[in-house]
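Structures for review follow.
Each of the next two complexes has chain A plus one other chain: chain B in the first, chain C in the second.
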Partner chain A sequence: MSELKEQTRKKARLSVYFNKRLASYYWERLKKHKLAMAGLGFIGFLILLAVLGPFFTQDPTYSDFNIANMPPLGFSRQESVYDIKTDEFTTTVISGRLDHPLGTDSKGRDMLSMLISGARISLLVGLIATGIAIFIGSLIGVLSAYLGGWVDNVLMRFTDIMMTFPFFLLLVLIVFLFGPSLAIIVVVIGLTGWTGAARLIRSEALSLRTRDFITASRALGASDGRVMFNHLIPNVASLIIVMSTLSIPGVIMAEAALSFIGMGDPLSTSWGTILNAGQHTLDTAWWVAVEPGIMLFLTVLSFNFFGDGLRDAFDPRAII
Partner chain B sequence: MSDAILKVDNLKTWFYTRRGTVKAVNGMSYSLNKGECLCLVGESGCGKSVSALSLLRLFDSPPGRIVEGHVLYKGVDLVNCTPGHLRSVRGKDIALVFQNAQAALNPVFSIEDQMLEQIKVHYDINNRAAIAKAQTLLEEMMIPAPERALKMYPHQMSGGMKQRAMIAMSLSCDPEILIADEPTTAVDVTIRAQIMHIFRRLKTSRNMSIIFITHDLSLVREIGDRVAVVYAGKVVELAPVAKIMEEPAHPYTRGLISCLPDISSNLNRLPSIPGNTPNPLDLPPGCAFHPRCSMAMNICSSNEPFLTGIADDHMVACHLYNARAGENK
Partner chain C sequence: MRNYIIKRLFYSVIIAWGILTVTFILLRIGPSSPVDRYILNIAARGSDVESVRQAIEARYGLDKPLLEQYFDYMGNLLQGNWGWSFSASMPVMDLIGSHWIYSFQLILLSTIFAILLGIGLGVLSAVKQNTRFDYAASIFSFIGISIPNFWLGLMLIMAFAVNLGMFKTYYDTSYSIWSLENLRQLILPVLALGTGELAGYVRYTRSSMLDNLHKEFVTTARAKGLPERTVIGKHVFRNAMLPLVTIIMFDLGSVVFGGAYLTEIVFGIPGLGQVSFNAIFANDYAVVVAVTLISTFLVLFINLATDILYTYLDPRIRYE
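Entry: the complex of A and B
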């Protein structure tokens, strides 16, 4: 096989999945969806923050007890100390300082750098775990729909069994058994989160499979693998993209929840970890819990809006 | 016949459904000669399309299964050859043209993508050569501005263009046999004339062997060399076109031909064959046509007639002729 052929083949393979004209058409449609664009804006901001933030902020694990529980910029808090000699309360007012614009937690760690670290973790977990889940889900869905018969039966019953596991309990159990490392958490979320994707893609591929163009490509001598990956998957590509976008928030929430109950990676600072630390000081230093809460809220909302927008943009019947 | 390149022998494709066994193809036999156009004619639901799909094992399995019979091509039985061999035959030796081009083209790829994929599966040539090949094929199909047509997506083409692009795609690996499954049903008369012209040219210029599936006898007269009349999954009459038109032997064939509108006669009502095609779940015993046959005899409802020759190139499966052949002996 000549090198030229190999190259053109690669190019052709790529063009199977990406088409410039179509992409710009979808972009135009997406642009009309205000909330989706806002979501995309926030996601972009978050990515920028996660990538560039660590270069400008201090180490999120550095603690200084002298400046513990410092409020964010523009807020202040009163601290009363009982003096046993004078039998009096001396009240000092602590207000936010510019060097810790979002305040500090009870151990004097900078909130801003912790939140940025949390953004990195959340995005990393969200993207990788969703990637794994969608990959497995599409593979199982397409295989099951295309091959049918007993393969379909076995794969779908396996999916059913996976669905019956209480997902979070399984997560806790595996983290308990194998130790709380970020890699394990990501892989486990990925390995358990594909069931919905598999079902949806199977149902879509089932209806595509009976279309004539699939029979036609088989009639022209295409192998099963070629039919599945070159004809079925590109036809469900929009579904896959929308589904991955919409499943990212769930994954982010799962990681945060795991960290919140103390089963997260102790070596990394995620939003869940900060929330966990903040719940004990909710009455005095409310910002420690509120700030990661707001970040989680906005992130999940952004991905959901963006996913909705994508779905409408890909749906030719949707009126935008 | 000595120069038959494809021989179908007692082919039975049954579908096992929850409601029972659908005997879509039920003992079909015919052979195809080099450079010949064999027409499979019959009503809707008589098993024409399934028989075409069966040749390349393209029907859904399960529920479908070839329970009996052979499809001999170049000395290999396609019914029980390896999947790998079958795949190399598909497209390269035997190609299929579908009825509905709109559905048979992948909507998310341009014509070029689809044609190149196909060419590259079977030939080891580079991109430029493949594009050139695709262009000449489209030219042969009389598609104007083939280089522009290559860049088009199926939804950007007209129905006739799609159908012709489909045929070009089927021809892209120079198959020996072309199976055309009602290629003109979904297009209008002018396009139909063009497509028939293309098929005629294929026969003369490429010496292509064609299995032409249709329910339209006027097309048969136009392109066919021999006709196999199919009823309830069986060939009931097999003869050269002229013979079928002039002296149809089987009562069903006679019925079909009398149904052809004749422009010279002044009838108010077209004749039709009484009754409907039999339910393939529950075929009548004996000859499947006997409930609708005006010449049915006692034997027809109990014994199944077999294809027997009444002339050297004329075969028919009907007790009328079996009986007569018996009398003559």
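Entry: the complex of A and C
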């Protein structure tokens, strides 16, 4: 009997966070947003690429200088070689080959495998760092709004300080001091990127705090923890989801920018790293700079579209 | 109002002091020391490294306990002495004084470009809501927000400098700041940096205009028989600009060491961003702390200025 009670209780607790009917209602609304669905489609494709891609492509770090700077399939480039014995230039046309469909870079590494490796890094960094940032942001936002008083004051002044910090400078500084590893990059972006979320969630929670259902649950004797976790957080959940989706692009860009200036993890191939190499071969091998940029752009665009669609789907006032 | 400003200034000083302290400690507990670069030279010449290191550290007071160094630094700072740059071998203020103009011109021009074009496009697309122009503008703004500015910079260099030969591929410091050639070579950097901001302003202007277009005072203005130009230009536009002031000011503060730095790197512009990042890599703590402090004060000043500006723009707002 008590076991059954425990089960229903668990179910009830979960249903605060996940409601099947509500979820399908939001999904129906989201489906009408064409750009959001296109974004979701590309994100799905990217995840598939990142998970399955490495099984079908070669090692992204394998380099073969004999096939350096090979153009993508369907493109060709001319290469002039000076022969010192005959004192003549011989010009050969190099065209793309099927075994390197997206070409190779100046060290003869396969672009396709490098881009897939970059997709893994970007998604990994984007998801984990955003997770950390949103977790801290929600916690600080809700605590600050609900407890108020000196807690609110201290937390918000702390947020102010973090917000005023020149973000990218801090990022480069910490990565320089502690060494450029992927783990450090993820943690630092996560630990510095929560300020916007904290403020937004605080203001949302502040307006919820004075609502009748919160007062009612407190009058019924609910503890602070219960009010926060069963009433406040579920009601800002949609905001948290939208915020998370819309902060992923910023995180992905920050990682790419770090790798682009040479502060990325030297042991992994990310899109920024490829771009860094590609900026020196703009005249001979344009694809090395173009391809990772397009991937980065499409990824960021997709998350922006998807996040925008989510916001509209969650907003009861939005007409879809 | 006066009390409010004094309170805010007091907070600003506290925040700036907090940031200064964190940066100072971060840099001084780091694994490398600012004298390392001298030591490397001396080691190459085969002298006694340790004694030279001690001599240099004693010369600059780096052998004292961290706390004492901190108080020394603070004391100097309060007297207006910003310290000595080890990597540039000149006073920090001279170093910053000779480089800030490059950042300033880039940020100023790209902000003007973004504001003028962004607000113009935003107003037009709100007035022509749900027309083809509106859709095109909103697609453009999504693209502009999602395109990484450093990659856009690279693509612009590739297209207009490498392939078409319309510009130099690097920033030429031999031109005077006020010359026409200098203005011309800033076109690509301004486009690269400004496009993202521009796209943001299009979106915000559009949604802010739409919020106001259907308010009652607009209906009143139309009912009075005012021409559409006056209704849009005076009644809607002025009210719609209010929230935009915050966004533009916030951008101004945050762009300095975010987007502007990457643009400086891509185009080789020797601005403050480059100075500060080179200083990080050389562990030149005085420069890093100074630049962080300047950026912090800039942001704090801009925030305060925004709030004060608001009371003039919107008389309904009062601070106690």
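Methods note: the second predicted complex is superposed on the first by the 310 of 320 C-alpha atoms of A that agree within 3 Å, B and C clash if a C-alpha of one lies under 4 Å from a C-alpha of the other, contacts with A are read in each partner's own complex, and residues count from 1 in each chain.
We adopt the following convention: contacts are C-beta pairs under 8 Å (C-beta built on N, C-alpha and C of every residue); 3 or more make two chains touch, one makes a residue touch a chain.
On a predicted model such as this, the values are computed, not experimentally measured, just so you know.
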| item | value |
| --- | --- |
| Fit or clash between chain C and chain B when superposed on chain A | fit |
| Touching partner for A:T215 - first (chain B), second (chain C), both, neither | first |
| Contacts of A:P234 with chain B and chain C, given as first, second, both or neither | first |
| Chain B versus chain C as contact partner of A:I84, first or second or both or neither | neither |
| Contacts of A:S223 with chain B and chain C, given as first, second, both or neither | first |
| Touching partner for A:A289 - first (chain B), second (chain C), both, neither | second |
| Which of chain B and chain C A:L301 touches, first, second, both or neither | second |
| Which superposed partner A:G149 touches (first chain B, second chain C, both, neither) | first |
| Three-chain overlay, vertex chain A: chain B-chain C angle, C-alpha, nearest 10 degrees | 90 |
| Minimum C-alpha separation between chain B and chain C after superposing on chain A, in Å | 9 |
| For the chain A and chain C complex, residues of the former touching the latter | 35, 157, 160-161, 164-169, 172-174, 176-177, 249, 253, 256-257, 260-261, 275, 278-279, 282-283, 286, 289-290, 293, 296-297, 300-301, 304-305 |
| Chain B residues within the chain A interface of the complex | 53, 56, 58, 60, 62, 87-92, 95-96, 98, 100, 103-109, 113, 116-118, 120-122, 124-127, 166, 169-170, 172-173 |
| Complex contacts: residues of chain C adjacent to chain A | 11, 14-16, 18-19, 23, 26-27, 30-31, 142-143, 145-148, 150-151, 154-155, 157-158, 162, 169, 254, 256-258, 261-262, 265-266, 276-277, 280-281, 288, 291-292, 295-296, 299-300 |
| Residues of chain A that touch chain B when the two form their complex | 1-2, 4-5, 8-9, 12, 15-16, 148-149, 210-213, 215-223, 226, 230-231, 234-235, 237 |
